[in-house]
Amino acid sequence: MFIPVVLGTAREGRQSEKAAKFVYQEVKRFGVETDLVDVRNYLLLATDNTERSVMAKKWSEIMSRSDGLIIISPEYNHGYPGELKQMIDLIYPEYARKPLGICGVSSGLLGGGRMIEQLRLVSIELRMVPIREAIYFPQVADLFDEQGKIKDYGYYSKRIKTFLEELVWYARALKEARERRILNRRPL
Amino acid sequence: MFIPVVLGTAREGRQSEKAAKFVYQEVKRFGVETDLVDVRNYLLLATDNTERSVMAKKWSEIMSRSDGLIIISPEYNHGYPGELKQMIDLIYPEYARKPLGICGVSSGLLGGGRMIEQLRLVSIELRMVPIREAIYFPQVADLFDEQGKIKDYGYYSKRIKTFLEELVWYARALKEARERRILNRRPL
Amino acid sequence: MFIPVVLGTAREGRQSEKAAKFVYQEVKRFGVETDLVDVRNYLLLATDNTERSVMAKKWSEIMSRSDGLIIISPEYNHGYPGELKQMIDLIYPEYARKPLGICGVSSGLLGGGRMIEQLRLVSIELRMVPIREAIYFPQVADLFDEQGKIKDYGYYSKRIKTFLEELVWYARALKEARERRILNRRPL
Amino acid sequence: MFIPVVLGTAREGRQSEKAAKFVYQEVKRFGVETDLVDVRNYLLLATDNTERSVMAKKWSEIMSRSDGLIIISPEYNHGYPGELKQMIDLIYPEYARKPLGICGVSSGLLGGGRMIEQLRLVSIELRMVPIREAIYFPQVADLFDEQGKIKDYGYYSKRIKTFLEELVWYARALKEARERRILNRRPL
């Protein structure tokens, strides 16, 4: 079971990095193989197909062997960051029939709830399964201490456990169904 | 494998009825047990919890034994009909971990694409799996002949076949996973 | 300047009623003529066009003389209540070129943010102007005391003031533009 | 009256370029001062605030003197292109109280209708007024001839006229209201 965690903003001074590291640690602690994938390594000047291909190949290698995906991202003007969308749009078939869990980060009160809805609609078109559970990190500037440790660990570790149980339930169910399909020599 | 088809508008003179009957016939032809559920039988004056309970019980009996759901509905002002939303909101746990396929109907050119997006977001909160495939019935007044037969059967029967293959793939995958979970005596 | 406040849920035991009364009082205090419109008076068994017409006429009389609209509604499964959508869909031209402000109510943490987004998209199709400002009433069960008074009046009265300033800015700008258009004998 | 047209994709071989040039010509023909703004000139590797500032300044100069905005963009996986979102997020106050009209482009049948909805929600947060009218360019590969001329000019020129009438109605109404506000020395 391999489920990478994507950090979806490349901005200087990004607050979401702390939240991403926290989520990444919790996924490991849960016993799932994971990797922290930074959108900064996928920035592209989009007019160049050669550059696109290099980026796409790198991202494809990760998603091809994954059983699901976690995205953690801030909400910018009620939507997702552009650099995250550019990265997502690099590949297509690698996403199919794998679950997606989204964590939202915001400076305001709603913790990225609107961004999560927009990203869920994108993920359906990618043939992914967006799960109901989500993690909200509102007012992010106050959530972590100076060492980058989350202050209310009890609350967040419990929420992430529920989130991961749901994500892994789907990851397992869909993995088995994909493998049965291959055994039966039927097209995906 | 039981997947009911809900007709989501109760309006007098509704054009979606023809499309719903067509979809219902195609589901049967595909070999899936189904039922045509008319939202007209679930209209309620929402202040009365007694009436709500009667409606909810009836709808719960159908959804409890279903392995998925098809909703066919017009788009009203880019959203879903109110009577459909009232019916959907009647029950909750019965939807969990079952796939949803949506068919959109419109008098205009887009065939309900915006309504489908809004309904998909609702279905995620219901713990359903909204599938990527969708059927669009744009300019519905011109799609059926006087006997109510769809004019371009070739196009639509092919689209519905793809739609149902995807829906049934998920229905089967999730049914097996739900049953395994029960065998293992773990909570849903 | 007349801006009615619609309470968008008809459910027994609705928590949004307290929030709606509070908003209604604040609108009056702000010096804007208003009215509290209860969706319970617009429930309909939607198949009957005669009944629809009666409801539509009643609602049309209010919206025709209004300069804007405030909707206060709970979020049900990330969407709007069905009874609210049925009421909204009763009429069409009366909404054109008037601003809409939305207040969300929820038992959870997000205060109806997803419902607000879905309703904004509906309102654009109605030719309304959905304003950026919104009021969120999260965890509504804890927001009011036993007499129905809002506990944190300072915070909410300030937010509503900003909300109303924006709404009235648009109400005035659009009213003047509509009237100029009529003077110039140009179509709306 | 100055209303620039933004072309929202930077991809090699972009089909939207033809549609953007067509819209740009029609805006000029309508008698509105305009400019074709290419997102390719605003691509950025987002981690660098210095580079962000340069881009932001350039885009700010255009939006500051504009009375509205037209965006023409393809739909990628039901959302907006990442490079467009990065450009939009560069600035904030310059958008306030100006109307936005969106034109969607797609290879499929819906002409970008889902992207338009997501972008409208972003624009509300920017304090813009997203107008109801939209132009859809579905199956774009078949819409233009080899010289890049639109085939069905009659249909599209009529739709754009309605679109521009609505956009200019709002541009004028809001410009006058903004100027009155300044005369009265009240904050925006």
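Letters A, B, C and D mark the chains in the order given here, with residues in each chain numbered from 1 onward.
Rule of thumb we're sticking to: a contact is a pair of C-beta atoms (placed from the backbone, for glycine too) under 8 Å apart; a residue touches a chain by one contact, two chains touch by 3 or more.
Please read all numbers here as calculations on a predicted model, not as lab measurements.
Minimum number of contact steps separating chain A from chain D: 1.
Chain centre most remote from that of chain C: A (centre = mean of CA atoms). Between the Cα centres of chain A and chain B there is a gap of 29 Å. Look at where the CA atoms of chain B average out and do the same for chain D: the two points lie 35 Å apart. Residue positions 78, 114, 117, 121, 124-126 of chain D are each in touch with at least two other chains. Of all the residues in chain D, the ones that touch chain A in their complex are 9-13, 40, 43, 45-49, 52, 76-89, 114, 118, 121-122, 124-126. Contacts from chain B toward chain D in the complex involve residues 78, 109-111, 113-114, 117, 136, 138. Those residues of chain A whose C-beta lies close enough to touch chain B in the complex are 117, 120-121, 124-127, 129-132, 169, 172-174, 176-177, 181.
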